[in-house]
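Chain lettering (A, B, C and D) follows the sequence in which the chains are written, and residue indices restart at 1 in each chain.
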Amino acid sequence: MGDPDLTPAAYDFVAARRRLEAKAKSAAEKLTSIEDAAARVHDGDVIAVGGCLFSRTPMALVREVLRQRRRGLTLARNLMCTEGEFMMVAGAVERVVTAWMSIGLPWGVSKIMREYVEGGKVAFEEWSHLALGLRFRAAAMGVPFLPALTMLGSDLVPVGGMKTIDDPYTGTRLAAVPALFPDVALLHVHRADRLGNCQIDGYPHMDVDIARGAATVLVTTEEIITEEETRRRPDRTVLPGFVVDALVHVPFGSYPHECYGLYEADFDHFEEYTGAINARGAQAVADYLGRYVYAPPTYADYLDLFGGERLARQQRQAKELVPGS
Amino acid sequence: MSAAATAAELLAVMGSRQLTDDTTVFAGVGVPLLAAALAQQRHAPRLTIVVEGGIIGPQIKPGRLPISTNEMRAGHRALMLPGITDVFLFAQRGFLDYGFVGGAQIDEHGNINTTALGSDYWRPQVRLPGTGGANDITSLCREVIILTAHEKRRFVKRVDFITSPGWIDGDGSRRRAGLLFGGVSRVVTTLGIFGFDPESRRMRIEALHPGVALPTVRDNTGFELLEADKIAVTEPPTAGELTILRALDPERRFLG
Amino acid sequence: MGDPDLTPAAYDFVAARRRLEAKAKSAAEKLTSIEDAAARVHDGDVIAVGGCLFSRTPMALVREVLRQRRRGLTLARNLMCTEGEFMMVAGAVERVVTAWMSIGLPWGVSKIMREYVEGGKVAFEEWSHLALGLRFRAAAMGVPFLPALTMLGSDLVPVGGMKTIDDPYTGTRLAAVPALFPDVALLHVHRADRLGNCQIDGYPHMDVDIARGAATVLVTTEEIITEEETRRRPDRTVLPGFVVDALVHVPFGSYPHECYGLYEADFDHFEEYTGAINARGAQAVADYLGRYVYAPPTYADYLDLFGGERLARQQRQAKELVPGS
Amino acid sequence: MSAAATAAELLAVMGSRQLTDDTTVFAGVGVPLLAAALAQQRHAPRLTIVVEGGIIGPQIKPGRLPISTNEMRAGHRALMLPGITDVFLFAQRGFLDYGFVGGAQIDEHGNINTTALGSDYWRPQVRLPGTGGANDITSLCREVIILTAHEKRRFVKRVDFITSPGWIDGDGSRRRAGLLFGGVSRVVTTLGIFGFDPESRRMRIEALHPGVALPTVRDNTGFELLEADKIAVTEPPTAGELTILRALDPERRFLG
């Protein structure tokens, strides 16, 4: 049942470090266009997508990667949602590395995921949620593995080729969760300055580890702040500018997924989307991609498809749930 | 309010009673979160709810129940938002007492399958969503409680795939696999409450819900259940319990 | 040169977890007196002290531990300052586990440390700064070790008995930095609610890992906030209440060390203190303990020795350096 | 302003010139921090300074120079405050290009002792403060620069104790010990600039400061120094460099 193809690149910490050493870690301006940012994703790359399920998904970046017709990607994300379905139906992805994939409880098991995985068109490499988190964390720490007490004794062990290790102090056998060094990290954050210093509100998900482990880091942000504002609250910064390669200013950059405190996920939209899939299967997703991804030339055009009233409603709902700040 | 409990209400109430005060519980969305919130409001005011999305101590807004573990509804009025990996590391360190899980298949040793039906992982007959945090919860919490509808297709002799290990093959096999802590202590279903024989770690009937007959349980279980020395009958959900539950989910999104 | 006595308790993650399992993890009121909090430290304990050097040292707790005349302690702290000298001269400590000890650059090498370590009265178990940080982090994660690329090839390796491990994926040899599970953690934070949910401003040092790794956690706080206030900014919380065993409200609880944004370290006081040591050696510290630790019955009496004007000056200096928030 | 450079000023200037733009530098307080700040203001505006206390991108307030790596003066106007362990993990991952270190003893292979003088670790003749982060910096940064006064008692053939490994015994011993990255590239002293022979990794003279004669260097070094093919003479500190430096430390706390 095991998969002998656990990509060496994924845990080769020496190669991963050499890539970073060869790269400028600069306090330079990082602001660019979404097209330029997404162009740093190449066919065959292992891309890690930040956020979690329908929270803080870097939707503008995902959309642009699809528009640029990338192929043969490995998509690593702890819990996958619509972005995974898009990539499957668009033919962008060969393998997903995840702990769970579907849209959300009310909509049942993802029919798209079932079709593509059961049909052997996409490989589903499953890790436990913590194990995947530790894969990103090991990469962020620059080590090839982290010891853990999870996944042992389960049939998940051979799926991704996880090995065990004996603790040199007590002799206890532990899981040795291998690092996952992505080629590219795609993230969406609340605010960043032009040097790429990023701040996130609310739950941080796994974004920080993903970014620190990746060779290239692309970030979209709801808001651009001045360097002065970053310096006013340095304890809010979660990524330093020298980690970030490209930064794009994209308000509503996760929509129709949520962004903590700013807008709630658009459940009505999910309802419509899953309804169409129930009626027409993968074709409904292909149609959706045509309408939402390929047709609108800019992200503003994309947001227009939802309409300002809808966006404002989702903002109000967020304020009801997170009144603070 | 005095209407008989639905299956989901029954599960939530029976689940909530498993939780003691001054503890922590790792709860998924839906019935587990309702069970935890009920316990907190009724008999365990110093219980801390922990949600997989990186959320500690949330207070659910009635009528705005979350549908995922990582969204603003799940994080409503939380005390801390430490990130997902760190929430699981709290469990690995030993800070999380209880964990609730469910599953598409559950076997006689409490192993759970939420990965795939069929024998070939890479070409499954039915691909399921995957473990999410269930594997970690069953590996790392001090005590795991399975909360599930009781159906024959779900209660199988051996799961097709062990996503989340219960007692594995029984007889110490869990510890030998390197899972040094925890284990499934209870299976709370729509028919009764089940535990495990301390030696063989095979599932056994410990209590039946009021009105449930033993043959009904056996007919709805795909393997041979052991019996505790004395099989108790659970107290039915009280009006107080149901009142609290129904106030939490007025839209009956999860209560059925 | 090696020390065969690396305490098994320090890295026995199974025993450390059993201690936590046996303990109530409660959302109960944690507020108590400094005497009651410090009484949870026992002779022979391994205590880990939060903050770093002269920043956010839990001085009120250190003072009370000394007042209760504890003996045979092992004191673990990444960079040690005056609190280490106090504990040496008071006879409270048998071993220090640290990366560095002195007061600060301008005052040269600690004469007290030299006297006690060169004389064999206190063992100085040295780890690199990162290694000590990883020891606390391994404990926080509940694992017996963490792999790393530091300390290798140095003579520090045998001092604390660090072992190496071969990465099961690439075969590379790595440092296996052993966990350090303290019996008690002593911390000082900016604010906490009565349930023990703690928030820290500025640099977090290693406090969070220390607390999560310890069997018992004692916290002093500059400010008590309501649970409502915690819920307003949950992304500022760094420790949840169920980790904390005892909480004490102690404004200026680090003084004469600094508390980020609130008061600067009192360098004039350090100057006086080191001047007295230069003149009279360990006796100067013994006199200091008499005056500042044993004589003043309460922490308020202790602060009176500095005087309100001095405290206000240090507050002003902090505001000049950290104008924000 | 036109006064000749002090020893500390010379070190800070020569240290700053080692730093290129679009990089990161791990700098301790005192001369290293002044060197980094000077580089940033003069030729490396996109340099990021990282300080051990968990501080990224601070801007030093002239006249309020920090005396430790973890205090508000060191954190002044920082861009990020990630915690100490995480700062070192940035280095371990490969994000930190340069690291400045000093030491009580430095040997011909660039090994550093800041732990103890004498042969018995547990009963030292002179106990020193310890590694702090120096061991980690020398283990983990891409390139390490030793910045130090040049004194015979400091430049010893073999350190009593390797606190922070340079090239250990030379000839590949650093890599064999498991230190897969980095190494000491330069030793900048009050007399000149030194490097290491690429094979034997023994220290060699690469440049002398203006007015320093070769015999002076040899007299002040406790081991035999190799020589580069061509020994250069450094450019003396410019008025521009000294102006910037002196503005940073008007109290001359570290500039002597």
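Simple rule for what comes next: a contact is a pair of C-beta atoms (placed from the backbone, for glycine too) under 8 Å apart; a residue touches a chain by one contact, two chains touch by 3 or more.
On a predicted model such as this, the values are computed, not experimentally measured, just so you know.
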{"item": "Of B-C and C-D, whichever chain pair has more C-beta contact pairs", "value": "C-D"}
{"item": "Distance from subunit C to subunit B - Cα centre to Cα centre, in angstrom", "value": "39"}
{"item": "Subunit A and subunit C, separation of their C-alpha mean positions in angstrom", "value": "37"}
{"item": "Approximate Å spacing (C-alpha centroids) for the pair subunit B, subunit D", "value": "57"}
{"item": "Where subunit C and subunit D are represented by their mean Cα positions, the distance between them in whole Å", "value": "29"}
{"item": "Sites on subunit A at which at least two other chains make contact", "value": "14, 141-143, 148-149, 164, 172, 174, 202-204, 231, 234-235"}
{"item": "Sites on subunit D at which at least two other chains make contact", "value": "75, 81-82, 89, 92, 180-181"}
{"item": "Category of the chain touch graph - line, ring, star, complete, other", "value": "other"}
{"item": "Listing of all chain pairs that touch each other, if any do", "value": "A-B, A-C, A-D, B-C, C-D"}
{"item": "Of all residues in subunit A, those that touch subunit C in their complex", "value": "11-14, 141-149, 163-165, 167-170, 172, 174, 176, 178, 201-204, 231-235, 323-325"}
{"item": "Touching residues on subunit B, where the partner in the complex is subunit A", "value": "29-30, 52-55, 61, 64, 67-73, 75-76, 81-85, 88-89, 91-92, 115, 120-133, 135-136, 139-140, 161-165, 168, 173-174, 177-181, 253"}
{"item": "Sites on subunit A touched by subunit B in the complex", "value": "1, 3, 52-55, 78-79, 98-102, 104-106, 109-110, 113-114, 117-118, 120, 123-124, 126, 128-131, 133-134, 136-137, 148-156, 159, 164, 172-175, 202-206, 208-209, 258, 260-261, 264-265, 267, 318, 320-322"}
{"item": "Residue ranges of subunit C touching subunit B (in the complex, touch as defined)", "value": "14, 16-18, 20-21, 24-28, 139-143, 195, 197, 212-213, 227, 230-231, 234-235, 237-243"}
{"item": "Contact footprint of subunit A on subunit D as seen in their complex", "value": "21-24, 45-48, 56-57, 59, 75, 77-82, 89-90, 92-97, 142, 180-181"}
